[in-house]
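Think of it as A, B, C and D in the order they're written, each chain with its own count starting at 1.
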Amino acid sequence: MTDSSVGQISTWRAFTGTLKRDLLLVFRRRSDIVNPLLFFSIAVTLFPLGISPEPEFLSNIAAGVLWVCALLATLLSLDSLFQQDMADGSLEQLVISPHPLFILVLSKVLVHWLVTGLPLTLLAPLLAVMMFLPDEGFGTLFITLLLGTPTLSLIGAIGAALTVGLRKTGVLLTLLILPLYIPILIFGTGAVMATSNGMAVGGHLAILGAMFLIALVMAPLAAGAALKISLNG
Amino acid sequence: MHFDSFADFISMGGHGLYVWMAYGLTTVLLVINFVLPVMHKRQLVKEQARKMRREQQTP
Amino acid sequence: MQELLSGQNLACERDDRLLFSELSFSLSCGDVLQIAGPNGTGKTTLLRMLAGLLPDYEGEICFKGQPVLEDPERFRENLLYIGHHPGIKLNLTPEENLRWYQALYRPASAEQIHYALARVKLTGYEDVPCYTLSAGQHRRVALARLFLHPAPLWILDEPFTAIDQGGVKEIEQLLADHARQGGGVILTTHHNLSLPAELKVITLGQSRQQKESFHEKDSQLNTEQVTEQDPFTVDQRGEHD
Amino acid sequence: MMFETFRTWFHRMGSPKWFYDITGRWIPWFGGIAALCLLVGTVWGLFFAPQDYQQGNSFRIIYIHVPAAILAQSIFFTMAIAGGIGLIWKMKVADMVAKSCAPIGATMTFIALFTGAVWGKPTWGAWWVWDARLTSMLILLFLYFGVIALQSAFDSKQSAARASAILSLVGVVNIPIIKYSVEWWNTLHQPATFTLTEKPAMPMEMWMPLLVMVIGFYCFFATVLMMRTRNEILEREKRTQWVQGLLSSQ
C-alpha cells in the first residue's frame, strides 16, 4: 500500500480520464475513425449510380441522401461503443467506480461523437458538392449535422448499452435505434430543404436543439441503467 | 337498416372488397390473438402432466 | 476489531435457479476471507454481488455497519475490485492503463505508477503496449492497482489466475500485509493459500450436495482437484475466453 | 388511509398467485363484455350506421381502424408503465404484464396499418399513401418489433424484462416526438390532403358504434393480456407448489 493518498476522488477527473483513455485508444486504432467516413462516402456515391446522375434530380434529394447516409454511418459505428469495455472487464470497473455512471457514459458518447459525428459533419459539405446541393443549403446542412449527430450518438448509446451483453447482436441494434432516429432525420433534412426554398430555418434548428437537450439529459441515464442490466445478461 | 338487400350489403356500394378485407383480416387476427394463449395454457397443462407421469415412473 | 463488511441472509436466484441462500458472514478489519466451492456454485456471483454489480439479491450487505445501498458512493470509494477479466486495454501501455484507473479514484504520479509496476515485476514494460504481454502479465498490471489505491476492502476474483509460483507468493504476502494493516480481503481462488494470518473460508454449494445426491461424486472430485490444480491449466483456460 | 389501502393492494398485486386468482375471476367478465361490444359494434357499424357522403361505404372501416389505432398507442403506454413498475419496484408480475403487452400491441398496430391501407385504396386510389397517421403507425410497429426482438434476444428472463422496459420507456418518450415530427413532415410534403378520419362533426349514429367498438377493443385487450400474463406466471413459477398443484388438477 502506498501512503500517498494526496489526491481526492473527483468525478470531473474521472470524466476527463475516461475521455483521454478512449481518445488514446481510437488514436491507436485509426480505422475506427476512417471506416465510418469511407462508408459515408461510398453509400452517398451509390445514389447517383443507382438512380440518376442528373444534377437537377440529385440536388433535390441531396439533403435527404446525405442525412440518411450520415445516420447509417453513425449507426454502424455504434456497435463497438461498449463492446471492448465489456469484453476486457473495464465496463465493470466503470460501473462500480464511485462516480455517477451517466457521467462516464457521457464521456464515452462524447468520444464517439468526436470520432464519428464530427468527422461526418466535416466531410458532408464535400459530398454535398458531388450531390449538387443548392449553394444556400451548405450552411444549414453543416449546422443541422453539427446539432443532430450528437443526438444520434446519445440515442445510439442506449441501443449499444442494451445490446452489449448479447452474444450475437446482428441487426438488432439497428432495429432498436433506427425508429428513434426518424424525428432527427425529418427535421435535419427539413431544414436543409427549407433553406433551399428560401425559407427561415430558425424553428427547425430550435427543435433539433431541443431534441439534443432532451437526449443529453435522458440518454446517458437510460444507457447507464441499460449497461447495468447488460452486465448481468 | 341501411341496406335494401343482402346483395346490396355484400357489395357495399362497390366498396365491398375493401370493407370485407379489412373486417376479415381483423377477425382472423383477433381470433388468433385469443386462441394462442388458450393453446399455450393447454400445452403447459400437458407438460405438467407428462412431468408428473415421469416422476411417478422413476420415484 | 472493527467490522468492515457483513452480509446477512444473502440469497441469490438466477433465472429460477437458487445459487445460494441464507448466507451470512462478517469480515472484520484484518481478515482474509476465501470463498470456496466447486465450479458453478456462485462464487463469482457472490463476489459480484458484494462488489455491487448485481442489483437483485435478497438480504443485506453492510459496509462498516451501514447498509451499502444507503450510501453506495462511500462504499465504492473504499472498494478495490478486480474481476474475472482484469480490465486491461491491450492497446494501451501498463502505465496508461493504471493512469485511467487512478483517474477514477485518486490520481497517482508517474513515480508511483512505476513503483507499483516494479512491485509486480513489470519494470521495463511500462511503455510497451499490453498486447505484447502475456496473460499473466496482464493480471499483474491489474494487481499493480493494489499498490496504488489505498482502499481498505479488496475483492479479488481469482487473482492468481495465470500468475507464476513466485508471483503467487508475493501476492499472498501482499494480502497478509494488507490484512495486518487493518484492511480486509475477500477472494476466490483454487490455490491453497498459505497465509500467516488466520483465513476464513466460506464454502458454497454444500447444501446443494446434500439435496441432490448425484452431485456428490462431482464435488468430492472437485475438492481434490482444487488442491492439485496447476496454475498453467488455469492460465490456458483464461486465455481461451 | 387511502394510501394505505393502495399500498396493500399494490403489494398484493405483486404476488403472482394473487394476480392469477383475481384475473381468473375477471377474465369471463372482460371477455364477455368484449364479445358483446365487438358483436354489437360490428353489426351496428356495418348494417345500421349511415354511409359517408364522400367516402361511401368504405367509411365503415373506421369502426376497426380507429379502435385499433387507439389501442396500438395505449398498449405501448401500458407496456412502458408496467415495465417501469417492474424496473423500479422489481415486481415480477409487472414484468410479465409488460412482456404480454408487446405481441397484442403489435397485432393492433398491424390491424390499424392494414385497415388504413385498405381504406386508402378507394379513398386515395392507392394502397399506400404516406399519410401522417399511417406513417406514425408504421414507426410504432417498428418500435414494437424492436421491443419484441430485444425481449427474445436475452437468455435471462429477468434481464430481458428490464432491457425491454428501458426500451419501451425510451419509446414512450419518443412517440409524441415522432408523431409531431411526422405530422409536420406530412404538411410539408402533402399540403391539404384530406385525412381519413378527421371529420368536422360526425353525427351521433356514426360515432356511437365507434364508441362501442373502442370499448370492445379495450376489453378484448384486457382479456388477452390477462390470459397471456397468466400463462407467463405459470411458466415462470412452475417450480412452486401452487402452480404444480394447479396444473396437475386440470
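Just so it is clear, a residue touches a chain if its C-beta (ideal position, glycine included) is under 8 Å from a C-beta of that chain, and two chains touch if they have at least 3 such contacts.
Labels paired with UniProt names: A = Heme exporter protein B; B = Heme exporter protein D; C = Cytochrome c biogenesis heme-transporting ATPase CcmA.
No experiment lies behind these values; they were computed from the predicted model shown.
Among the chains, the centre nearest to the mean of all shown protein C-alpha atoms is found for A. Across C-D and B-D, the chain pair carrying more C-beta contacts is B-D.
Look at where the CA atoms of subunit C average out and do the same for subunit D: the two points lie 48 Å apart. Each chain gets a centre from the mean of its Cα atoms; for subunit B (Heme exporter protein D) and subunit D, those two points are 17 Å apart. A separation of 44 Å divides the Cα centre of subunit A (Heme exporter protein B) from that of subunit B (Heme exporter protein D).
Averaged Cα coordinates give subunit B (Heme exporter protein D) a centre that lies 56 Å from the centre of subunit C. In subunit B (Heme exporter protein D), there is no position where the chain touches two or more neighbouring chains simultaneously. Looking at subunit D, one finds that residues 155-156, 158 touch two or more other chains.
Looking at subunit A (Heme exporter protein B), residues 232 sit in touch with two or more other chains.
Of all possible chain pairs, those that touch are A-C, A-D, B-D, C-D. Looking at the complex, you find that subunit A (Heme exporter protein B) touches subunit D at residues 155, 158, 162-163, 165-166, 172, 175-176, 178-180, 182-183, 186-187, 190, 193, 207, 211, 214, 218, 222, 225-226, 229-230, 232-233. Contact residues on subunit C toward subunit A (Heme exporter protein B) in their complex (touch as defined above): 51-55, 73-74, 76-77, 79, 81, 83-92, 96, 99-108, 112, 115-116, 129, 146-148, 150, 177-178, 181, 183. Those residues of subunit D lying in contact with subunit B (Heme exporter protein D) across their complex are 38, 42, 46-51, 56-58, 60-61, 64-65, 68, 103-104, 107, 110-111, 114-115, 118-119, 121-122, 220, 223-224, 227-228, 230-231, 234-235, 238, 244, 247-248, 250.
Subunit C meets subunit D in the complex at residues 14-16, 56. The part of subunit D that touches subunit A (Heme exporter protein B) in the complex is made up of residues 87, 139, 142-143, 145-146, 149-150, 153-156, 158-159, 162-163, 166-167, 169-171, 173-174, 177-178, 180-182, 184-185, 188.
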